[in-house]
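Both complexes below contain chain A, partnered by chain B and then by chain C.
Up next, the complex of A and B:
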């Protein structure tokens, strides 16, 4: 019998603040010269005192409210001691005993099933610096010394700690995906895993036959959504093999090696006592009174699930809603297209199929999309009114997305300004196709086109030449007339 | 109430703190701890009548600062005062230990 899987996640999100958690150094460190965003506070020069960033408290609280946590009126910081050069103080300032938010939950949906993942708490802490281990061959081992860049040291993080409520890698991946979506909707964090502004540590165990929890292993270094799933799948398989062969699971931290597709033992798992937590006496407790919490609540933007509910009123399918609300900016774009007069269902189709296709081709996101919602709404309306064929509408969208041109000019340039191709204009195209395909015409006239494949071929050529602007029925009738059929 | 530690408690404290202690050092450590406890016992002599609640005062502190970036202008000081610097980095003893 398969052993039940138990997964809990700790997700670190870098907060969208301008400055670090306890000093006024900029948090804009990507691509900066090492050790330029530093000051005596984040370098732990003796005699300096940390002072808490007001925005970090607001953003952590906002995330907590979004996750239905209880925002605490009173929380404190502690010192988590560890001797490692990525923090100059040899300890990390983090919330331990009294975090800023507790409880809460996040709903996820996997294979059509909704599941509630309970949260233990959410706390504030500072990020560490980055270590470089210079070796001639790029390996981690073998370096004679290490180099430290403290630009990232002290950047505010919020850590969201879940209860061990997930029971598959797919659920874990979905949980992180929903958490990131929420962080982005709330402007709490950009949630980019690749740049390290969202980091995930997983605790995973396999339950014992009596139902009690097995020994848990912590997995680190999962740098993409795909790697979360792969790492957990590997670890489940590894633990099952160990247990099947009569072995026992060691409580430890393991690193995911994405290239090799394996987890490797890093160190025996620390427990809280190893860190010798004690209160951070240099920082006053964080006091958030009820009126401030109420103010945070008032400023909350629309949440993803609220938006999904509202979009359902447009009569969209679950899949359409899911795609359109994945990114707040895309959802806003869609709403603007609808507000500009496009029918909701048609607009959803265009945004979901065509806009996303063009964005993918151009390698940009919706914020860099040239086609304004008003222009797309006009385009959709023209297609709806049959002033433009679907094909031509898509071609015009492509032009609008790539060139600085108005919708009116793009329509004019497409040759569709006169509306649908009919009568003499259509006849002209048919004559062109007929004269360009004498062999096919002869076959048809000789009565050798028993299955009608040749006539359909010519009809296709006519529609292609007309770029979809002709009515297929009228085109077929005119073609038949032209061939004296 | 004044507290004291004996030899046995001193050894237990050393064990809890993961300190290696030679038998001949135990007496000196015990005396030091008792000196500290004597000093702490002086608190008992203080008259605290009417002293306001400290946490009440804490709430009045400017416990947060605005999120406004400010460059530290004397960065080169760090480089000159650091035990070791290479290029743009602080240089520290190697972190990764072989196998």
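Up next, the complex of A and C:
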């Protein structure tokens, strides 16, 4: 019998503040010359004291509210002591005993089933600097020396700690997706895993036959959504193999090696650091009174699940809702298209199928999309009114997305500017098709087109030549007239 | 009266009224340093040129009729754990021997803004860890009132400087008595304000929850004057209280102690302390009563029994993490090693003195899993009990009188053979620090051998101004301490004070 899987996650999010958690250095450290984004405070120069960045507290509180946590009126910081070159003070200031938010939950949906993942707490802490190893693969092994870059040291993070409520790698991945979506909706973090704005550590164990929890292993260094799933799957199979062969699981921290597709032991319980947690006496406690919490609540933007509910009222399918609400900016774009007059269901189809296709082709996201919601709404309306065929509509969208051109000009250039092809101009096309296909015309006139296939073939050629601008009914009648049928 | 004998207030008044210049006052003090410090060894760094330049700038402002601060032209010294921009700040440690800060401690800025003239940086026990100013890279400072004795510590250099007339004012830091005890040993006035009164920004930390910038002077009035410059909200220190402080100089105009309720500490066996200091306590009680106060005996059973243990657990745990930043990476001494760990070990072993290493190791142990639950956790609880004990007593009293130290200044080198003395010596000062209370070591004159006598006045937290008022009344009855002439026979005993 398969052993039940128990997974808990610790997710670090880099907060969207302008400055670091305890000093006024910028949080925009990526690409900066090493050790230029630093000051006496984040370099731990003797005599300096940390100063708490209020906006980090506000963002962490906002995330806490989004996760239905209890925001604490009183929270404190502590020192997590360990010597390492990337940690200037030799301790990390983090919230330990009394974090800013406790409890809460996040709903996830896997295989059509909704599951509630409970949260233990959410706390604030500072990031460490970075070590640079001058080896070809950037790893420590084999490096003759290491360089330290403190540019990132002190950047604010919030850590969201879940209860061990997930029971598959897919659930873990979905949980991280929902968490990231929420963080982005709330402007709390950009949630980019590639740049390290979102980091995930997993605790995983396989339960014993009697249902009691097994030994927990911590997995670190999962740098993409894919690697979360792969690392956990690998770890489950590794643990199963160990247990199947009568072995026991060691409580340890393992690093995911993405290239090799394995986890490797980093340190075990015996060699684990004792962080000698200690209250941070250099910082006054964080006091958030109820009116402030109320203020944070009042200023909460619409949450993903609230948006989903609202979109359901548009009559959209579950799948459409899920795609359109995934990214707040895309959802906003869709809503703008609808409020500019496009029918909600048609607009949903266009955004989901065509806009996403074009974005994908161009390799951009919606914020860089040239076609304004108003223009797309007009385009959708024209197609709805049959002023443009679906095909031509899509072609015009492609043009609008790539060139600086107005909708009117794009329509004009497509040949549909004068409106629909009708009367004499349609007649002209028909005459051209008829004279170009004497054999087919002959067959029809001889009454040999019993099934009507030939006449349909000619109708198709006319419509193609008319670039879809002719009314099929008028084209058929006009063609019949030209063939004297 | 010589210029160096003037109080800070008298000096500022003289400078402002152009009776003498700031440069005159500064040179008078520099001469004292020149004359005595080769023997007293109170200074680590002398900044004579900067001092003269600053004094001249003050004089120029005065000649132009521009606004100068309340400490215009007043020479002062700062303990060498205050960061001073461009002036090396050693903490008396090899690890910072050559370190030059790029910024000023807030307290230094406030002094500067008030027109005060920094003459130099004073000796201390390495990282303020000690009570005798003997654990120092420059060697021990001597007590100007008896050159065979220690000046107390860790702010011994600052206390000795004020006693020897190097300056009317000095800044120290008090963590568990580091200003009050040297003030008592050197026969000057020293005050540890309530925790949170003065910004700690730019003070090289020993223990964050206890360290407090603390002034030393030869008059209570000067303490009040300098407190007005120092005690203010500071956006660089979130543990520094944000409210406006009362006017300390108004508080010292208190005429008598009518209506004041004073508790006199009697919770010890007289054998535990020096008989003459016990006498000072009784004398202070009598003076209070004579001035109209209601005086009653009081006791601090929890503080006396557990204070020292609680203090050391708290302070050493804090110190072990605050001193971890000296890793040889960014500033200070650096000694290479084959690995990162070896570099840490080499640097820290060779560059911290024995007492500092002992305290770091003890503090590290105290926070280690298992020890934390048995020591640090209980210490936090006991600390709260002590605060409760104080609070309860303050319902009955406006202030208490305690000894500052159970002993008179001891002979140099003595603590080496009797380390327990070092610890017991803190018994009356550390509970006040743990409670965050204001405490003033008040000079009670000299004994027959010319050694300073003292008592400690303790007030309710944030009632620093009121406490200064009581101290001022008592000082008027006792007399203010005179300047000592270190090593010159007969003269150091002259400080009986003119009541």
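The criterion applied here is as follows: the second predicted complex is superposed on the first by the 409 of 485 C-alpha atoms of A that agree within 3 Å, B and C clash if a C-alpha of one lies under 4 Å from a C-alpha of the other, contacts with A are read in each partner's own complex, and residues count from 1 in each chain.
Keep this in mind: a contact is a pair of C-beta atoms (placed from the backbone, for glycine too) under 8 Å apart; a residue touches a chain by one contact, two chains touch by 3 or more.
Source: prediction; values computed, not measured.
Engineer: Sticking to the clash and touch definitions up top, decide whether chain B and chain C on chain A clash or fit.
Structural biologist: With chain A as the common anchor, chain B and chain C collide in the superposed model.
Engineer: Report for A:436: first if it touches chain B alone, second if chain C alone, otherwise both or neither.
Structural biologist: A:436: touches no partner chain.
Engineer: Should A:353 be classified as contacting the first partner (chain B), the second (chain C), both, or neither?
Structural biologist: Touch status of A:353: no partner.
Engineer: Now for A:147: first (chain B), second (chain C), both, or neither, which partner does it touch?
Structural biologist: first
Engineer: Under the stated touch criterion, which partner chain does A:274 make contact with: chain B (first), chain C (second), both, or neither?
Structural biologist: second
Engineer: Which partner reaches more residues of chain A, chain B or chain C?
Structural biologist: Per-residue touch count on chain A favours B.
Engineer: Scan A:53 for contacts with chain B and chain C and give back first, second, both or neither.
Structural biologist: A:53 contacts chain B only, not chain C.
Engineer: Once chain A of both complexes is superposed, is A:81 in touch with chain B (first), chain C (second), both, or neither?
Structural biologist: In the superposition, A:81 contacts chain C only.
Engineer: Taking the superposition on A as described, I'd like to know which of chain B and chain C A:34 touches: first, second, both or neither.
Structural biologist: Only chain B is touched by A:34; chain C is not.
Engineer: Classify the contacts of A:25 with the two partner chains as first (chain B alone), second (chain C alone), both, or neither.
Structural biologist: A:25 sits against chain B, while chain C stays out of touch.
Engineer: Give one of first, second, both or neither to describe whether A:90 is in contact with chain B, with chain C, with both, or with none.
Structural biologist: Touch partner of A:90: chain C, not chain B.
Engineer: With chain A superposed, which of the segments 61-69, 169-177 or 421-429 in chain C collides sterically with chain B?
Structural biologist: 421-429
Engineer: Residue overlap on chain A between the chain B contact set and the chain C contact set?
Structural biologist: Looking at chain A, the two contact sets intersect at 40, 43, 51-52, 84-85, 146, 148, 283-284.
Engineer: For the complex, give me every residue of chain A touching chain C.
Structural biologist: 40, 43-52, 79, 81, 83-85, 88-91, 146, 148, 274, 276-284
Engineer: Show me the residue ranges of chain C that touch chain A in the complex, using the header's touch definition.
Structural biologist: Chain C residues touching chain A: 82-83, 89, 91, 96, 99, 101-103, 105, 200-205, 207-209, 235-239, 317-318, 320-321, 324-325, 327, 329-331, 340-341, 344, 364, 367-369, 372, 376.
Engineer: Which bits of chain B are touching chain A when the two form their complex?
Structural biologist: Listed in rising order, the residues of chain B that touch chain A are 55, 58-59, 61, 63-72, 75, 78-79, 86-96, 98-99.
Engineer: Residue numbers of chain A touching chain B in their complex, please.
Structural biologist: Checking each residue of chain A against chain B gives 17-19, 24-26, 33-36, 38-40, 43, 51-57, 84-85, 131-133, 140-150, 283-287.
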